[in-house]
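Note that the chains are named A, B and C in the order they appear, and that numbering of residues resets to 1 at the start of each chain.
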């Protein structure tokens, strides 16, 4: 799939720069994580309980940051026309974009997630699972976000609109991922949560591109 | 691969507006048609409909290959180039990477890329970022893929507008070469193209001759 | 029946008669529900507040029903590109949002005496909240795209994604609840489902549904006329 390879390379390069790339997403995450102890009075015990959950919320919000530009820039300057007339169908184009988003934003955020959680007081023992959940959840965030971005092509008030559309769909990711980590913290079986998280992410990986391609074609018409 | 494009009884809508209806024409290998009409007559919409972006309200668009009818999706993803008003170039990237992407994405061979670079004099632009290029230079860059990747059908929307006289002439020669090789051109224009073409007037005041006779081969 | 009604003229003729009839029926059923609800005995646990259940539960169920109708209409609109289907989906959204919001508010009021708090992350309530957000997202998306046809299609795609995701979301909330051994106040069986409670519940649900049917038809009529007026205005401006 030579065409797909060419596109993926390009999308990776663009995602690295898009919306400030990983640097901005990480900075946002740091700010969010700093706010929690400051806002809640800083009692270590309370923070410890909230830490994994809150680092998930920060992860979800940071994933939203560069979503608006995922399709929008190509749509505005006519590149989406070109992408639609290429060797790979629009569905694969969508896959390339979301994968690139995950690599450039999702993976750095996943690396940072256990750091954030530990900084907030979570047990170090939770770190590997936090990383794994953030990594897999990142795929979900990227592809769910992609659906939101594609569907909002051509709409006004892009960023906030995408958030409103996408956050309800993020809930299972937050629940399963946070639930897996919380289970581990309570000494229960963490595997169901992780499995559900993976299933949801993979579901969007598989079906999301169809919705995104349909939405792109709608916007191009 | 595409030898003929046939438009039958086509009607197009834009939002709530019916642009035109009952449009019949065919475009054969070696033929070029200039699309004229006042603004809003539907020139761009017709091009986009043939490219598959716009759904016909009525009628059909068919592609014929050498051995018979072609699947529209196949024909469009491998057989046509569309060069619209916009260039699809990313401002912050270098001209070279953008050209190479556009060429490779549309399936250009290295030989084709080299040919395009030479014919359109693109090397001088390569080190610059796209945002540093003038409109004419950007247009040259984005037209490069038409030469680099061999695709028979060219759908052009005001292709030469930003180019200067020399480059217009040069591109005119390239268009003639494309037609001689069995290619087809459908171009929406306000000014005449530097090659001989038939004319299709989409209603209203036309810019070129009012010749309504189509299918007349002036080759 | 759907194919018969798909013609806008026939739909207008049908709904002119059907909507008032449904509305009247809904009003009668609502009155009956309220009367039987009022005369039902107090629950031994919840006391008089059990009566809020007669408003809350049907509202919540109808909210889901309306989302189904919206998604169904959107599906027809996407696949068959039928303008009436698009109009129906557009018309159903605010009704769904309003009913779901009513379900949420009454749920909160109902729970307050029991939980001591205005809100609890019960599985059902949380799912209703997310359903409400889906409605809001759908309406926000439609409102933000200027081209109506594109807006209908984009929000239709969103509705399809939502309808597939909603059961998953609900399941995830249930799972989360089981993790925390939270109180499922609104347990699947519901509070004591004795016949004396079932009657007003059912009557109220029927009232909500018929009322929705009537209002939906009225709104679709409004949509049809709005689009016609717009088309005329566009033509007149030329």
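In this section, a residue touches a chain if its C-beta (ideal position, glycine included) is under 8 Å from a C-beta of that chain, and two chains touch if they have at least 3 such contacts.
A quick note: this is a predicted structure, and the numbers were derived from the prediction, not measured.
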{"item": "Far-end chain from subunit A, centres as C-alpha averages", "value": "B"}
{"item": "Pair of chains joined by the greatest number of C-beta pairs in contact", "value": "A-C"}
{"item": "Inter-centroid spacing, subunit B versus subunit A (mean Cα positions, whole Å)", "value": "38"}
{"item": "Between subunit C and subunit A, distance of the C-alpha-averaged centres to the nearest whole Å", "value": "31"}
{"item": "Where subunit B and subunit C are represented by their mean Cα positions, the distance between them in whole Å", "value": "49"}
{"item": "Subunit C residues counted as touching two or more neighbouring chains", "value": "147"}
{"item": "Touching two or more other chains - residues of subunit B", "value": "none"}
{"item": "Multi-partner residues of subunit A (at least 2 other chains)", "value": "221"}
{"item": "Of all residues in subunit B, those that touch subunit C in their complex", "value": "15-17"}
{"item": "Of all residues in subunit A, those that touch subunit B in their complex", "value": "2-3, 6-7, 10, 13-14, 17, 73-74, 77-79, 81-87, 89, 217, 220-221"}
{"item": "Contact footprint of subunit C on subunit A as seen in their complex", "value": "147, 151-157, 161, 164-165, 167-169, 171-172, 175-176, 179, 182-183, 188, 192, 196, 200, 203, 207, 211, 214-215, 218-219, 221"}
{"item": "Complex interface listing, subunit B residues touching subunit A", "value": "48, 51-55, 76-78, 80-82, 84-90, 92-93, 97, 101-102, 104-107"}
{"item": "List of subunit C residues in touch with subunit B within their complex", "value": "147-149, 230-231, 234"}
